[in-house]
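Encoded as structure tokens, here's the structure I'll be asking about.
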Amino acid sequence: MKIIWKLFLATIKIFYRDKMTFFFTLMFPFIFVIIFGFVFGTGSSGGDNKLLIGVLSSDEEPHKIISSIENLEARKFDNAVDIRQNILSGKLDAGLLYEDNKVKLILNLAVMQRNPFSRTLGETIADRLAKSSVKIDKVIDLNLNTIDPGEVSTTGLGYMIPGVVAISIFNGALFSMLSIFSYYKKRGMIKRFNVTPIREYQFIIGMISGRFIVTLFSATAVLIFSQMIFNIRFDINWSLYLITASSSILGMMAFGILISILFTEPEVASNIGSLLMTIMIFFSGVYFPLDFLPKYLRTIGGFLPLGYVAKSIRISTSVESGAISSVLNVSLAMVFAFLTLVFIFGSRIFKTE
Amino acid sequence: MADFILEVENLKKYYGPVKAVDGVSFKIKQGSIFTLLGPNGAGKTTTIEIIEGLRVPDEGKVIFMGREISRVGNKEKEHIGVSLQETNLIPYLTVRETLDMFKSIFSKSLDIDEVLKMISLDDKANTYIKNLSGGQRQRLVIGLAMINDPLILFLDEPTTGLDPQARRNTWDILLELKKRGKTIVLTTHYMEEAEFLSDWVCIMDYGKIIKEGDPKSLIKSLAKESLIEAEVDANSSILERLKSTNLDFVYDTKHKRLILKTDDILSTIDLLLRLSKENSLQIKDLVIRQPNLEDVFLSLTGRTLREE
Amino acid sequence: MRTIKLANYFFKSTTRDRSDFFWLLVFPIILLVILMLIFPSLYEPKEVTFNLVFLSQEGMFSEIIEKVFKDLSGGRYRIFRLSIVKNTKENLDREMERLKEKKTDLIVEIPEGFDAQMLNWFMLKNLGMTASPPSINIYSLKHNISSESAYLTVKNVLQKLELEFIKRIGYKLKEVKSETEVIGTRSTFSYIDFIYPGIVIFVVFMTGLFGIGMHLTWLKESGILKRIMVTSLPKSRLIISYVISRIYLIVLQIVLISLVAKFLFKTTVNPLSLPFIVYTLLTIICLSSLGFFLAAVSKTTSGANAISQILNFPLQFLGGIYFPVSGVPWAIRWLVLINPITYLASGIRDALGIMKSPYPLYITIIVPVAWIIFCLLFTIKRFKLEEV
């Protein structure tokens, strides 16, 4: 029993003493949160930024209409060339030319890429102008209610952070196992333990438990610190969060063990791990929505566990609602994967021949 | 307790067509230093790793403290100490933490400070492994092998890659261990090491033990008192001539070294000089010396120990 | 001859390293494929059908609206998968739950009394008085792109319907046509044309960071450079052969990416066109210099690795390789502005007519050139001091 405790302590010491690992495990998720937070935080979903539109018109109507639309801001111009130039240099998001009952919306490609829905703006403004010609503002008042998917109302960035936490859990768990079971094995450390009377389960539990705590700690740190930095409030259901995080760590660890057994060369194993993570990150829906993906791709994405875990963590932080049973099912599946893989492959860890 | 702490009978381990260990048998006396001497690839490490329980033999018996065991299990592992050929320890742990971690595996163990003193690392107890020198690291590896106060220690090439000073330090530690009654099984390809430390030497080559005995008698088995060694570029006719003289000699074609074994140094040198004159043969670097284990190996195999 | 031979060995030492081979040659292709699978669907949504729930009321107006939605949800090119239920509290609550579970994309609710209000509005309007218009409640899900798109579509439909109503009651409406022009690109935008030059910059960037910065630091740390320096080979030759070996590598990378972009994804960008070649060369020189700079500042391989890793993602993403970066707060805008990739990426896209650069073209050349001068001067100074 003592040895499990010592191995546990040793792995934790290694984590904070090796500044490089410490830095990367904690800082990387932050770098991603910051970059994507700022870049996408202003984009289509949850955008707080107003679109600035340059207007050229002989009358005041378009300017008034644009100013009355939420998220739009109008600025008057007196020639179209200026508008185009300002759009191209990024000073304006779009331009509107109104002449002879014709609305021409000029959009910058970059704006359209960030906000694909800006394409429909021209039509909206044209309809409003038509109505205003008979002094009618609107016949029907569209009353839009954006419903928060969870109990907690949050920004686009806030909605993304639980997904980043899931990614950091996956990353931490996967690579910690690769470093132990592929790197340590290659360097003869596992062999050294094998000539002592240590039992396989003691070694595995000792090694895993330390990394487990370390991964849980860094993922939770990402969750808590990003709340503070970006002034976001989650309502964290801690028991649900811990169940999800713990089971996911175990599941991904088992996966890491599997990779390190299949690919004995540490470099190869680590490349396979990175590739797998890249694919999962792209197809998890955390950073990029998958709604418009072709069906077959969404089906493939459905086999990758990251999306489910991200959802579980969103539910645990109350930014998304969902049945607790679905969270528990995901956790159960992760634990099941862990037990199966460790049961089947665990004994191969110690194989020296 | 049995006289022999460990006996090995007809051990075999084949990897496909490669006979890594091909019928090795030996007995190790309690409290002795037992050495497997041989060039790289002779099967020393495979043999020792079978005894350590890292590999399963294809054939053969291992008798540990008078009891035959099919595989070295945890019960035996409690009583053995191991230093592997290459061990990388965890770089971000200190010396003391590393010893403590291994100590916790065993039911019986020595005091950490005592071990630290024996391997003279008491002043480095709180240094990270990554900041140790090669010699210090090697001493720690031996310290780890001692931590469970084992009856028998297996040290696989404990001094390879060390400078002469560090090697001497390691030897001192091993002699100290022997004084404490420990049995030590050593593998090495340094004949000085085997000669200096061992009570019993098994010379291995191509997976077989080709000769064994205590170092002195092994050397004596060469029967001749002295050796004359020189670098000469001998052609076949000269070798023919030498053969006809009834002299006992070995010629290492690769290094162009001729070793003549003789009781009569003067007349042999005389013969060599005559040969040189008659064939205008250059003789360089002539040495007269006592035979050593290297010569034993050379006379048995025609090769030197350090040939790859 | 010796120079070329040495260059060959430097090249082999990189391509035979499994990690370098993977990250520099294989990974960029995988990345391109992944990006092509995901992003075009965001910009040019196809075959999208939204799940729309219509909570209906009895009454003429409500039924007209209902019918319009019904028409739009039939046929081959239907936009909506429509389900119509009576507007009751239970139905609304149930559908709200389904909305949160993403089973429904949007809820359109005709509130109670809608018809009466509508009639009232028209009557008052006819009398020249104004009344507050009746409202339709729409419920959409936050942070959900499907729901957002569904809302915009529904909004457009209802706007058209409003115009129709106004006409029906006898107003003569001005016809206002609308037209949208996307500027800053050629006739049609395709994501592969956008991303292909980006991936070219990406591969050169990777080589700069890892294939030069880290590799050279490793050569330095392991003493291989020193070993070569003690031979009779002049230092200039050593540098030239190293540079040649990196050119091999970069050319190989660009050729591989170009083949995939051209033949698998049918890009219309011509890699042999002058602007492409000019900017690619500028990219190669600029990002390689960055690599040399990195090797000059770092003492150990792990140090070089740390710097590379820290620079890697921010420079990549904030350089606008994958999506345009504008309108970011000043906290990180400076990272966009000092980033050479920003100018390289917008410059090459502008020159190829894919996307107008927000910076004048001369700036997209001056900034990278300034980086080149800075990096090379620093590197030369540092290497002179160190003798190797």
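Residue numbering begins at 1 within each chain, and the chains themselves are lettered A, B and C in the order written.
The definition used in the following text is that a contact is a pair of C-beta atoms (placed from the backbone, for glycine too) under 8 Å apart; a residue touches a chain by one contact, two chains touch by 3 or more.
Owing to the predicted nature of the structure, the values given are computational and were not obtained by experimental measurement.
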Central chain (distance from its CA mean to the mean of all protein CA atoms): A
Farthest chain relative to chain A (centres taken as mean CA coordinates): B
Centroid distance [mean C-alpha coordinates] between chain B and chain A, Å: 58
Inter-centroid spacing, chain C versus chain B (mean Cα positions, whole Å): 64
Mean-CA-position distance for chain C and chain A (Å): 16
Multi-partner residues of chain A (each touching 2 or more other chains): none
Multi-partner residues of chain C (at least 2 other chains): none
Contact footprint of chain B on chain A as seen in their complex: 2-3, 5-7, 10, 13-14, 17-18, 187-189, 191-199, 352-353
Contact footprint of chain C on chain A as seen in their complex: 20, 23-24, 27, 31-32, 34-36, 38-39, 42, 44-46, 49, 84, 87-90, 93, 101-110, 112-114, 116-117, 119-127, 129-131, 133-134, 136-150, 153, 156, 159, 265, 267-268, 270-271, 275, 278-279, 282-283, 288-294, 297, 319-322
Residues of chain C defined as touching chain A within the complex: 18-19, 22-23, 27, 30-31, 34, 37-39, 41-43, 45-48, 96, 99-102, 118, 121, 125, 132-146, 148-149, 151-152, 155-156, 158-163, 165-166, 171-185, 189, 302, 306, 309-310, 313-314, 317-318, 323-329, 331-332, 355-359
Chain A-touching residues of chain B, taken from the complex the two chains share: 49, 52-56, 74-75, 77-78, 80, 82, 84, 86-93, 97, 100-102, 104-106, 128, 144, 148
